[in-house]
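Given below, in the form of structure tokens, are the structures.
Heads up, the next two complexes both have subunit A, just with different partners, subunit B and then subunit C.
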Partner chain A sequence: MMADGRLAGRVALYGVAWATLGFILLPLIFVTWLAFFAQEIPSFPPEGYSLKWFGAIAANRNFMTGFSTSLQVAVAATVIGLLLAVPASLMLARRQFLGGAALNQLLLLPLVVPGVVMGTSIYVFQIETEIATGLPILGSLGGLVAGHTLLVIPWTVRLVTASLAGLDRAAEEAAQSLGANQWTTFFRVTLPAIRPGVVAGALFGFVTSFGNLEMSLFLVGPGRITLPIAILQYLEWKIDPTVAAVSVLQILLIAVAMVITDRYVKLARVV
Partner chain B sequence: MASLTLDGLTKSYGDNTVVQSVSLGVKDGEFLVLLGPSGCGKTTTLRMIAGFVPPSGGAIRIGERDITQLPPWKRNAGLVFQSYALFPHMTVAENVAFGLEMRKVAKAEIGPRVAEALRLVRLEGYGERYPRQLSGGQQQRVALARALVIRPDVLLLDEPLSNLDAKLRLEVRLEIRALQQQLGLTTVMVTHDQEEALTMADRLVVMSEGRVRQVGSQADLYERPADLFVADFVGRSTMIAGAVTGPGAFRSDGGLVLRCTGETPQGPATVALRPERLTLGADAAGLDNHAAGTVSFVSYLGAMLDVHVRLNDTDHVVAQIPNRADGRIPAVGDTIEIGWPASACLVFPREAA
Partner chain C sequence: MATITQRPVGEPGALTAAGLLVPASLFVAIGLLVPIAILFRYSLNAFEPGKLMVDALTIANYVKFFSDPFYLQVLWRTVRVAVACTVFCLLFGFPLAYVLARTQSRFKNLLVMAIVLPLFVGNAVRAAGWMVAFGSKGFINASLMGLGLTSAPIEIMYTELAVIIGIIAVNLPFMVLTLQSVIEGIDRNVEEAAFSLGAPPMTMAMRVLFPLALPGILAGVILTFILAMNAYATPVLLGGPKFQTMGPLVFSTFAQQNNWPFGGAVSFILMTATLILTVASTLIIRRRYA
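== the complex of A and B ==
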């Protein structure tokens, strides 16, 4: 009886695990499959296979400029996000100050606030700021990067703070007693020790920014387009496999980024 | 190398004073140990010397140089931590070279000096390894080499042995001491382990509640403790509460009348007795103080026996006697003669509670 019950439990556990995995992976598999269908209207079974939709991407100006903009914005937002998050994490992890815990939660807010709400509020904020200061903020690339930086910060702060928590302060003190000032200590001892958190934070921040649709919709100016917006616009008129081909490229880009990152930092140890 | 002077060193956090006006001189080449229970201020004192804790008052001098306001990286103090604090991403050689790099020592000179430092701690050939590939004892020796290679004015050791296992600790203790003497290093070590302190020190400082209770040699602390705290903390004592009733006379709360030496003024007092100064059996009768008691407990320690003797309803003492093959081991419930000379009574006026 006991053995039977245990066996049934194990079968149920495996069943649920595989079902969950399938639930996550099936859409990705179908999108990838679809990208190689020959016919314009997706239907099963495929009438044949073709690479022409990948060619169609290059011919589509929106996809090309969208990709370029998304890449620029994601890189810029990640770099700025890191420059803000590393000092912020040092402060949060090491100094007891009034409101420190509240600030820590506040920095995570962009993760939990719905994208549309974030987008709307930043949009309104940028309008008001532009009216008050007369600076051309709304619709500028800078405005878009500023918004995306908020998406990057929760990832970088959380992961860098986590690495700092596991760091032995005595190593930094040892460096100082050996003659290293605070800057040298940071670059020679602290930064190498928290590098896994920094790299992982940057990766997740980059991916979040690169794939963001909701906030970008509010913040792009006339004539500017990001890759997710280009995909959305395309889908309004056509459902041919070009969109699937774009998605495949996007999945590949992110997969490559993760594999490269994993070579330097074992992601499984950080996240 | 140089002498180290602490002058009225004080640290308070708000109303809480953790180090209160500590003044000490460490002579050139001397090994000084700060000893005390946790929270006594010894670590804070060491961290003030290293420059990680800004003093609230007082001064620190290395030789004639006032370093009180200097940041840690300008103090030229070699520091060894309890956790070793090696840089995990650097090899052993890179760890040891770090301080030399910071001092802008020429590249050509760094190599030989690192090799020399590793030879001193008997780790030649380990330069290319990473700290995680070394045992605890080896890591500790790398930390020592890293602190020594910069030729520090003072060497500061913060509980350097407490992460090592017992057997290794005995070895490293003697090694550090030998190296310190060989190089003539002015050294301050912090520890709560009195055996470690007694083995390694030239002089010891007993601290409690932020204050220095006594400074002296091993024999000073053990045979002439300055107060009841030191008598209790260094070595073992049994305490008998009572009062000094006249010159050389003490009466315990339990009614025991003892002959003592010293000039403690009349009034409430406590007598501390070292267990090994007590004699059991027939030999006890000839001593200044002797009484009959009942054995209440016996600990068999191997070479020694601890015999707990109840003298009356309130007073009891512990005697430590050698475990001789021919001797009979006292049993619980035995009536036994116990005695000790007047000089064995360490008398301290009772501190106002």
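== the complex of A and C ==
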């Protein structure tokens, strides 16, 4: 009797769990399906299947420039974010000091401030800076990169401090007692040891930046939109296999980034 | 350790330490905290059509929001949708998080990837997926009509239901991953103890698992609630132009009406409402289980 109750419980548990996983993946499955439709109108059942929509992407200027802008911004933001966040993580993980916890919270803040609020705030800040300095910032590539760097920093801090926490210091001590200076020790001993955390932080930062929509909406200028914004604007107008094909390419790009990350750090441990 | 070298390894002098920490901290402080402060100051300015923003120190923008039934309706709709989404995320997310936390499968990493991938793919792409399903000739209507269950297509696109379904799917991965990490920390033996004392599965879950997982439940509820309150792409694409929520309202006030003071006020009302409701839900959940 009691065993029956547990069995029924297990069946219900697994039923709900698998249904939920399916529900999470369902929109990606639908959009992938549509990308291979033969006809342009998304009506079911499809009249046939075709690969032609992937070729149609190249004819859409917004998707092409959007992809190139997103890629440039994400790469630049990731590089700058790493240069800022890796040294800071080193200090946060290694040194106890007054206000250390507060600084850690500050660096993780961009992860919890809502995208729309970040967008509006940075928008007015860039306007003020533009008025004060006379430099064209709003809508420039630099302004966009600065905003996106804020998205990369928290991921890098989170993943690098995590990998530093599990690091044995004996190797660093050995290097220093053999006469290596601080910099040599860092580049030859510490950095290789925390490489998984740095790679994971970089990839998560890259992916977050590449997919960002809400903040970018406020920071892009005329003729310089990112891929997610290009997709959003297209979808506000209509849905067809071309936009689905672009979506499939974005899904693939991110899937590849995930698989590479997983080789360095088990995803189950870091997200 | 300090006896090996003069200075503990990996702990450079104060000057170097500051040099390593200051750039990142300054970047976030100037890049995010200062902008939020400026936005708040903007929200106290006045707006005159034609002249745009006029320097002032007034709460008129906040009064305008709270005295206009239209804006109150938008806020109420946003809260209603966010609460519904959060409740469903918790109900559906918990079983998946539990299975994920307890599985011994060597495909666990693949499962985690299947949950993380949609998270990073972006909201517009996922909304596109739902548009394929919800349209009048979409998958759901074609299936219903094909099976003879309905004669005319049912309206799903541009309804509150579509937005709620979309946001639940967007937020579920956050909830599942947050819960999973906490459930993994709970000793399996306490569950077995409850079972051996004759507790049915639901009783075990309610009396043992939930109280122990409370910190994770709280973290997951707060995260998904904040995300649901601030949703942008999902309400825009699945709700349509007539379905106004706070996120799209902030954007249209800023970008289309160029009313920065009022846009700033709407941003702060959204942030404050989110904060108050987050604190309230924390207190309710604590009282229920603690």
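We take it that the second predicted complex is superposed on the first by the 259 of 271 C-alpha atoms of A that agree within 3 Å, B and C clash if a C-alpha of one lies under 4 Å from a C-alpha of the other, contacts with A are read in each partner's own complex, and residues count from 1 in each chain.
Note that a contact is a pair of C-beta atoms (placed from the backbone, for glycine too) under 8 Å apart; a residue touches a chain by one contact, two chains touch by 3 or more.
Given the structure is predicted, the values throughout are model-derived calculations rather than measurements.
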item	value
Which of subunit B and subunit C A:243 touches, first, second, both or neither	second
Superposition-derived comparison: subunit B or subunit C, residues of subunit A touched	C
Touching partner for A:192 - first (subunit B), second (subunit C), both, neither	first
Touched partner set for A:38, first subunit B, second subunit C, both or neither	neither
First, second, both or neither for A:260, with subunit B first and subunit C second	neither
Partner chain(s) touched by A:176 [first = subunit B, second = subunit C, both, neither]	both
Partner chain in contact with A:120 - subunit B first, subunit C second, else both or neither	second
A:51 touches, of subunit B and subunit C: first, second, both or neither?	neither
Overlapping contact positions on subunit A, where the subunit C interface meets the subunit B interface	173, 176-177
Contacting residues of subunit A [partner subunit C, same complex]	2, 5-6, 8-10, 12-14, 16-17, 19-21, 23-31, 33-34, 41-45, 84-85, 87-88, 90-92, 94-95, 97, 103, 106-107, 109-110, 112-125, 128, 146-147, 149-150, 153, 157, 169, 172-173, 176-177, 182, 185, 190, 207-208, 211-214, 217-218, 228, 231-232, 235-236, 239, 243-244, 247, 250-251, 254-255, 257-259, 262, 266-268, 271
Residues of subunit C that touch subunit A when the two form their complex	1, 4-5, 9-12, 16-17, 19-21, 23-25, 27-29, 31-36, 38-39, 42, 92-93, 95-96, 98-100, 108-109, 111-118, 120-133, 135, 137-139, 142-143, 146, 166, 168-169, 172-173, 176-177, 195, 198, 200-202, 226-227, 229-230, 232-233, 236-237, 247, 250-251, 254-255, 260, 263-264, 267, 270-271, 274
Residues on subunit B engaged by subunit A in the complex (per definition of touch)	50-52, 71-79, 81-89, 98-99, 102-103, 143, 146-147, 150, 156
Subunit B-facing residues of subunit A, complex	168, 170-171, 173-181, 184, 188-189, 192-193
